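The same chain A turns up in both complexes below, where it pairs with chain B and then with chain C.
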Partner chain A sequence: MPAHLEVVAARKAFRTPEGGVMTALDGISVKLASAEFVTLLGPSGCGKTTLLRCISGFETLDSGDIVIDGSAVTQMPAHRRPVNTVFQRYALFNHMSVARNVGYALEIAGKDKREIRTRVGEMLDLVGLAGLGKRSVSQLSGGQQQRVALARALAGKPKLLLLDEPLSALDKNLRQKMQQELKAIQRELGIGFVFVTHDQEEALTMSDRIAVLAHGRIQQIDAPSVLYQRPANLFTADFLGESNLLPVTLGGTTATLADGQTFATPHPAGRATLLLRPEALGFALPDGPALSFTGRIAETYYSGKDHQITLQTPAHGSIRAVIRAGGQSPEIGADLTLHAPAIGLHLIDEVAG
Partner chain B sequence: MLRRLLSLYGLLFFVFIYAPILLVVVYSFNANTMNMMVWSGFTFDWYRQIFGLPTSITDSTTYVDSSAQLYAAIRTSLTVAFSTSVFATVFGTALALAVARYRFRLAGFYRTLMMVPMIMPDIVLGIALLIFFITIGMNLSILTIIIGQSTFLISYVFVTVSARLAAFDTSVEEASADLGATPMQTFRKVTLPGIAPGILGGWLLAFIISMDDLVITYFVAGTGNTTLPIHIWGMLRRGIKPEINAIATLMLLFTVVIAGVGLYFRSRRTK
Partner chain C sequence: MNLARRKVLQLIGLLGAPTAFLLVFFFGPLLIMLVYSFLTPGIYGGVDWVFSHLNYGRILGWADTRYEKFDPVFLSIFLRSLRLAALTVVTSLLVSYPAAFWISRMSPGRRDFAIFLVTLPFFVSLIVRLFAWVLILRPTGFLNQGLMGTGLTSEPIEFLYTDFAVVLGMTYVFIPFMFLPLYGSIEKLDMAQLEASADLGATRIQTFRKVILPATLPGIIGGSIITFIPALGNFIVPSVLGGAKVLMIGNLIEQQFLSARNWPFGSALAMMVMTAVLVLLVVQLRLARRGGA
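Let's look at the complex of A and B:
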């Protein structure tokens, strides 16, 4: 598929008020296929919002290029770029009705009134606000304002929609509903979405691909399942979901844990880190090769559908496990052995400092 | 007990502030021609007198020899107030926008510089302007009044609009640009409506202050350009006579109406 958006070696630094320099984008390159939902995920200050603002044209790159549909827009001012943005705090025009907000891009483009009215109607239907066009923006709830912002950004038929943490102000239920709707709308319209968030669950749920950013660089960009199961480095493994990161010594065909347990791996010799997700651990000894961890239960939380256990082990420190509820209930202070199948384990070529 | 004392204090406070003004209004309807501080009955005569209408006043207590002079003064004041306030609004708003929207060297210094004319003693500003106009060889006229008043009224508009801009979320301007609007379209369709209450408020404030200014205007007004405050000042020099109450009451009414209009628009646009 042809690249729809391409960011090439983007660099951007800001001067801090103290006189220092903060590198927000440190050579970022990323390609987005048309109709792809890509999420920029990272802790605050990682550069994800800066990257989005450079794509929309509110910030200019120090060096590098931004190409949309084959033409470079690096030097183009925001109002001429074929992208639209859904802003974090909506940024709606309070002095205009809902319909005028939604039709703003068309009004600016000089479309005739009948065309605008039709398109605004379609957009309000799409976001589930049919019939509310005459309302004033301030009469709407937060969730409704969010939908107006979405409809407004989509009305001008952008080639690419940028979303800057649009759901962060909504409560949890509404947020999950909007996540599903956003995804459905994106599929229906078939345009590319670049979605910025610091919420990993949100990123995993919605995205075709996730770019994990830290310190102005893309740490890894992959499909959510790949990112979760086979993170490329310690940062991604740690940032995305819960993880146990255990140092191992590699010996050609086997890897050895700190307590002497071994498992087979094709990984070349050296040192590495084993990623063991908490849900891989269980009470029962699996068939075939397995890793076992014995220790004392230091903490346990019951969440209804599962138990979250922190096991204090002599050789590995804390090991976290999530075990489906039912059967025995773990108790703090009790001794426990947990097992994980030792097949297809993921190793990271870095050793935790 | 303490509560009562506090209430009494509050009452006295407002009496202290508003009683003199209220007295002026009340005495503007006093029929006593000999001693204006002694109430002798209700009359509209002083108002009729101002506008040159027939009255029952027989003695020579009045000082309005002809209403034409008063009308001329009002006309001058309105012309000055209108020109000055429009001038100050355009430039004050432009300055406020520049300081709020652009980053440039010494921006904070320029902001302070814009505040100074407000705290500058009127008499100093008046003398300075007079010397300036004489030095550059400009004859004192209605134009010098307009220029002179503008020098400090710009500051009032600047401050009013700046306050509005500080509370104005710039992300809506970004949203407008994002949706394809040129900077000029964004200014017209988003920024201007957003800060309109501030601009309107600044304009009305400038208008009222201009109508009311005596000291600076006195210095820079030529002989042929008497504004209303200068005219009243001239009347007072011939003694305090009852019509002054009527004139003051009318000015008060005018100011209250203008301020009321301002407040009305403010509340309507910001809801």
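Let's look at the complex of A and C:
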């Protein structure tokens, strides 16, 4: 697939009011295939919005390039770029009707009235707001406004849609519904989406690939399952989901834990960190466990379908585990041994500092 | 029922005093003027209680008696006042709009200071400020000296006692009137909407026409009205900067009441101003109802 959007070595620093310099983008490179759904995920202040604004043209890069469909748009003003944005707070034109909001890009492009009306109708159908065109935007609920913002951004047939935390203002049920609809719309239209969110679950369920950002850099960009199961570094492992990170010593073909347990690994010698997801731990395993951990139960939470356990072990400190509910309930203070299969182990070539 | 009556009583209690005040001191005099404008002027000032429509006839064209004659000068002064007031609105809008935009984007501390500066002229007597303009505009004033000093002109230009001087002076006086309502609506502008507009392909000019202007229209209309009304009836600026050459309707009214002592005619002139203002307000209400739905 040809690269549809390409960000090349993008750098952007802001002068802070305190007189310092804040590097928001520190050499970011990403390629997006056409019709790909890429999510930018990262802690607050890591540069997600800045990256979107550089792509849409509201900020200019200090250095680097933005290329869309093969042509550099780095110097192009925002209004000429073939990308549209769904803003976090929607930024709807509140002096216009819903229909005029949706048709704005076409009105600006000088399309004739009939064409605009047809397209606005299509867009309102697409986002499930058929018949509400005459309403004023202030007469809509938050979820409906969200849909208007989406329809407005899509009406001009952008090559790429940028969405900056579009669902963060919605309540949980509505958000899940919109997640599915957004994904369906993206598939139907076949255009690229760059989506920003704080919500890991949202990122994992919606994206073709997720870019984890921190400190103005991409820590890792991969498919959700790869990112979750085989994170490339400690930051990603720790940031995404729950994790147990245990230091190991490598000896050619085996890795040794602090308590002397070993498991086979093709890694060269040195030191590394073992990632063990809580759900990889369990009771007796048919093929025999790769690793076992014994300790005293320090905390348990019952969530209906599983128990979340904190196990206090002598050699590794606390280890978190998630056990499917149904068997006997773990009790605080009891001793427990949990096992992990070989497939649940992932080594990261980094040592916690 | 009882509750409703109590509400009504409360309302009367709360609104009674201001309503009575307005009735007595605003509508009362207005009503007196309206009645006077249809009476005959007394020989030694005051009024004779005899109905007469000739006060309006002198302005609008049908008076043709020995003492009460139509003179087109009254209507032309009225029209000039409308024109100068409208010009004042336009110039103060042109000055205030960009200024309000600029100030609305300053850091909060500087913004408060800038707004303070805009309202600063209120703290100095109007007459003093207008005479300062005389010093600037007169033939030997700063402006002419500057122009001749730089060789742009060889002789002093008559700035003083022209329409220009009056519009300049009124613009200067009424800028805060225009600025504050404008600023109120510009400050509320949602910057994200401007970005959204650019994002959807609009140039700056298109964004201005389609987003900024409609969103700030209430401020523009409000500022224009509260500038236009006092500008139309103003007599201080034209008498200081316009002299005898640039009379406005305010000067005429003042003369009728204070020197000519023709109260009915003065009242008729004042009713012309009132009518103009009322027409304006009705138009504005119509616009507001259409735009603000």
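Here, the second predicted complex is superposed on the first by the 347 of 353 C-alpha atoms of A that agree within 3 Å, B and C clash if a C-alpha of one lies under 4 Å from a C-alpha of the other, contacts with A are read in each partner's own complex, and residues count from 1 in each chain.
By our rule, contacts are C-beta pairs under 8 Å (C-beta built on N, C-alpha and C of every residue); 3 or more make two chains touch, one makes a residue touch a chain.
The structure presented is a predicted model; accordingly, all values stated were derived computationally and were not measured.
Asker: Which term applies to chain B and chain C once both are placed on chain A by superposition, clash or fit?
Answerer: These partners clash in the superposed model.
Asker: Can A:Y104 be said to touch chain B (first), chain C (second), both, or neither?
Answerer: Both: A:Y104 reaches chain B and chain C.
Asker: Determine, under the contact definition given at the top, whether A:H79 touches first (chain B), second (chain C), both, or neither.
Answerer: both
Asker: According to the stated criteria, A:K177 is in contact with first (chain B), second (chain C), both, or neither; which is it?
Answerer: Neither partner.
Asker: Going by the contact rule set out at the top, does A:K157 touch chain B (first), chain C (second), both, or neither?
Answerer: Touch partners of A:K157: none, neither chain B nor chain C.
Asker: With both complexes superposed on chain A, which partner does A:F93 reach: first (chain B), second (chain C), both or neither?
Answerer: Both partners.
Asker: In the combined picture, which part of chain C sits where chain B already is, 7-15, 61-69 or 223-231?
Answerer: Superposition on chain A puts chain B right on top of 223-231.
Asker: Going by the contact definition given at the top, which residues of chain A touch chain B in one complex and chain C in the other?
Answerer: Residues 56-58, 77-80, 83-85, 87, 89, 91-95, 104-105, 108-109, 152-153, 156 of chain A touch both chain B and chain C.
Asker: State the interface residues of chain C toward chain A in the complex, per the touch definition above.
Answerer: Checking each residue of chain C against chain A gives 190, 192-193, 195-203, 206, 210-211, 214-215, 291, 293.
Asker: Would you pull the chain A residues touching chain C in the complex into a rising list?
Answerer: Answer in residue numbers: 56-58, 77-80, 83-85, 87, 89, 91-96, 104-105, 107-109, 136, 152-153, 156.
Asker: Given the complex with chain A, which residues does chain B contribute to the contact?
Answerer: 169, 171-172, 174-183, 185-186, 189-190, 193-194, 269, 271
Asker: Sort out for me which residues of chain A touch chain B in the complex.
Answerer: 56-58, 77-80, 83-85, 87, 89, 91-95, 104-105, 108-109, 138, 152-153, 156
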